[in-house]
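What follows is a single structure, written as structure tokens, with notes after it.
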Amino acid sequence: MKRIENFKSIIDKYDIIFFDAFGVIKTYQGLVPGIHKTFDYLEAQGKEYYIVTNDASRSPVQLAESYHRHGLKHITHDRIVSSGMLTKEYLDLKVDDGIVAFLGTPESSHYIDSSGLHTLPVSQINADNIDKVNALIFLDDEGFNWCDDLNKTVNILRKRTIPVIVANTDKAYPVSLSDVGIAIGGIAAMIESIIGKQFIRFGKPDSQMFMFAYDLIREYRPISKKQIVMVGDTLQTDILGGNKFGLDTVLVLSGNTLPKDADNRITSTGIVPTYICDSAVVGLDGFDF
Amino acid sequence: MKRIENFKSIIDKYDIIFFDAFGVIKTYQGLVPGIHKTFDYLEAQGKEYYIVTNDASRSPVQLAESYHRHGLKHITHDRIVSSGMLTKEYLDLKVDDGIVAFLGTPESSHYIDSSGLHTLPVSQINADNIDKVNALIFLDDEGFNWCDDLNKTVNILRKRTIPVIVANTDKAYPVSLSDVGIAIGGIAAMIESIIGKQFIRFGKPDSQMFMFAYDLIREYRPISKKQIVMVGDTLQTDILGGNKFGLDTVLVLSGNTLPKDADNRITSTGIVPTYICDSAVVGLDGFDF
Amino acid sequence: MKRIENFKSIIDKYDIIFFDAFGVIKTYQGLVPGIHKTFDYLEAQGKEYYIVTNDASRSPVQLAESYHRHGLKHITHDRIVSSGMLTKEYLDLKVDDGIVAFLGTPESSHYIDSSGLHTLPVSQINADNIDKVNALIFLDDEGFNWCDDLNKTVNILRKRTIPVIVANTDKAYPVSLSDVGIAIGGIAAMIESIIGKQFIRFGKPDSQMFMFAYDLIREYRPISKKQIVMVGDTLQTDILGGNKFGLDTVLVLSGNTLPKDADNRITSTGIVPTYICDSAVVGLDGFDF
Amino acid sequence: MKRIENFKSIIDKYDIIFFDAFGVIKTYQGLVPGIHKTFDYLEAQGKEYYIVTNDASRSPVQLAESYHRHGLKHITHDRIVSSGMLTKEYLDLKVDDGIVAFLGTPESSHYIDSSGLHTLPVSQINADNIDKVNALIFLDDEGFNWCDDLNKTVNILRKRTIPVIVANTDKAYPVSLSDVGIAIGGIAAMIESIIGKQFIRFGKPDSQMFMFAYDLIREYRPISKKQIVMVGDTLQTDILGGNKFGLDTVLVLSGNTLPKDADNRITSTGIVPTYICDSAVVGLDGFDF
């Protein structure tokens, strides 16, 4: 584990950079100040990059638009790999027909829409259509009535033996400097524990996320895992997942892991990044805009 | 483990009977048909009994009134031991002043009201009074907005290092022949997992429930655990807790554990009741009303 | 939570003191230096005390002898409440006949011997006597061959649906300044997870330990929980258990919880002692020997 | 979920078959009777197949030799994908120098030997070389003294913040008709729980196993996940992992899942195979040798 002063030296070492989104590129307040310099430098150097995110609430196109609105024009939708894309792949491969019930916003569901399948919010499942429900998906913590629809979800899953997909494994996410929100991954874990069935989880640290990005690259060029580095702010997802997939990893201290806690957390979890760096912002030395 | 035809023979063997409420005396439809005969027989034989219940949503007085409304006049409030009573004892002993925030109905909170403490629903905690919150209690799954108040609860507990009490350990409870509801114990487990702090749980199988009932009896008569039997419909709470406290136990098949599943569940959990009996209803042979 | 300079002021506030043993009175090196002064002061002040320990490897008589050998003559066997005593009570109440198989040393098994029961090490269970095995007890991490006897234990428990008691819930214990040993509680958790059955655990933080000590006192005098304080070095067992039982609690920093970690651990676990004190040794001021 | 009479019809539907080893091709007694017919048919039809196994105790070459000794000549070492191979890949990518400590037999360790690394059994780690230990691997339940070396492992991991790899995630494995053995995955889970650090697990249901086999195929031909079927006897590993990776799955009833339990287990776990078949043996109809 090495401390790195300037994120620039990380970029110089690798051909491809995987970035986590939240806590690395953006926070609840908007973009991480100065992060555009990192993408300027990446483009100037001809390096490739992907955003590997557990955010399944919107499609890559919508996520990219959100970066653009905030002034970061570099990130295009084809650079974004989300746990929602794995969910969509699962449905394409494994669910042939019928209804896919979901918890989340309408936006999140359009995204997983697939030919032959009918997505329907849990609130619209009833005695008439429950027998056609062939999968249930936890997409987002918004867009439904928690009390009504979580109780309904429990009872649908007691009646139907179907695959249940959790498209975002996070338990909580920051909503302000001091507050967090309960994420759909936390809600899904409660339902799983109540009904005692095993759900399918996509999202870091699961290696399928990294594999998806890795496969995207391999479609147009040969690559070795040695040429890729994963940059993230969370030991249990970004760093553990990147390490396990065989990538070098950088823990940045601009999000979930505070500078004062980093060493303690690494020791207590046993999850060791290859590098630690204050942020993913390229510093001034030797490269200025 | 012995199969017993008539619950009467259980009563004949013991001096004091502990009953679980839900699935034994009542169900979502009202009283278990014929259960009044059991209490008639208990009274006729001069046997004592207690209802030992994880229901913290109402006070013993309110719970007793509910039995009376349904026509079961025998059960008086002093016969009822609930996990809410342990919660109240905890507050009396361990929390001297300030605010006790709670999730639940107003009825559940009146019940734990204690001199010197101020109970306040989580929805009424704000920046002005959060520093006075000295305990937080999960009482009931009703009486609050799940989305707003659960998110608020997470953030209160991130800011205040205070005891958190879960007054009902059940994760779900039956609401109809086919459906269950998420219980406050399931919700509390989700919050506990999100914030990573350790909550205090009252309610079976925890032995403090049995101890509380046992102490009530010992106040007016000497008793040995050998003279008490615990009757319940759930292996993981009633039977495990009763066994561990050193009591003989009866699994009845009128609630959570279906007759067709009983043997399998006993083998797979390793939780073995002393007796199995179809229900807690005293049968016709040798005693008829 | 108050910081206390001199443990003497704790003793002055309460009538009865419960002490954890390991990390409070003794360590892997012998007695905590100066701890005899605490017991001198307790006796001088006419205060009562009990040792409440998860150590089931030896009987109270043997544990007391060990204190005497180290020069602490005050602690007599009737002052010691161990998780082994709860195990013995369980067997007396709930297992009528047959063989009680155990993992542990011969000393630990003599101790639970009970009229009518035959204790036998797991190594001596075979095809001829397995059908008579009516309980299995995890007593101590010594006295058996781990590989042979743990594999045998798994298979006994797959064949016999019997109560399994874990007489010591600790997962590890210190054996030197830098090293720990795997405790029988950690081994039992592995076996429980492999066979998927539910074991019965005695030992702090379970309230049955505190209840046992509390009942011993009530046999000869009336007492309120307000008059008792629990002193321990471990948040998850001593302090959590004491708090839950309704006792005031003192975290001492002479064992498991290091002075530099105490505040962090309290915040991260949410387990708050009433007091923190460097050690349970009565200091010099106002009382000198 | 469809019941299939003759495994032949499964082979006819897919281009590539992934087989679990234990409970599908072999049992504790040797080969599954008649299983050679399946491989005869696969070869006759020009279908490809891979053995995807959590067995990290031996190299693919040694595993293949074992099939040959039992008379199944078809399975060559390049057809075998084991969790040990993922372990080796991890070491190649992520551990540059120093000592790799392991629990297991010498055979299992030769296998992971890698240029630049020095594999050493845990028993040979001491004060002089502990600072050079840069990874620790759980390979096999044999080849070491459980009591000595598991205690030593705990203390190495308390002193060194290094990656810990569990090369076999199984908790138990069958050793005879009635008995199981504790597997290294069960032991690793105990150690992980004691030291509270997060281990890296390779082996089904983790998708990295399936990805490894999938990549092997893609090196020489294009393939879609739709053309592959995973055959296994265990819902929680083979079927869950296969489903999650996007493959069709076949549950065979020749191993872990007994015919009488299959429906119950599918309902209670919510893990649904595409097909159920008595065994992976090609039946007589329409194809006879």
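For clarity, chains are labelled A, B, C and D in written order, and residue numbers in each chain start from 1.
Operating definition for what follows: a contact is a pair of C-beta atoms (placed from the backbone, for glycine too) under 8 Å apart; a residue touches a chain by one contact, two chains touch by 3 or more.
Nothing here was measured: the structure is a model prediction, and the numbers come from that model.
Colleague: Could you tell me which chains are in contact with chain C and with chain D alike?
Modeller: In this structure, no chain contacts chain D and also chain C.
Colleague: Roughly how far is chain A from chain B, going centre to centre by Cα mean, in whole Å?
Modeller: 41
Colleague: Please report how many Å separate the Cα centroid of chain A from that of chain D, as a whole number.
Modeller: From the centre of chain A to the centre of chain D is 28 Å.
Colleague: Centroid of chain A to centroid of chain C, CA atoms only: how many Å?
Modeller: 45
Colleague: Where in chain A do residues touch two or more other chains at once?
Modeller: Residues of chain A touching two or more partner chains: there are none.
Colleague: Which two-chain combinations qualify as touching?
Modeller: A-B, A-D, B-C, C-D
Colleague: Across the complex, what residues on chain D touch chain C?
Modeller: 145-147, 150-151, 154-155, 158-159, 171-172, 178-182, 186-187, 189-190, 193-194
Colleague: Can you list the residues on chain C that touch chain B in the complex?
Modeller: My answer: residues 89-90, 93-94, 157, 161-164, 195-200, 206-208, 211, 225-226, 236, 240, 243-248, 266-272.
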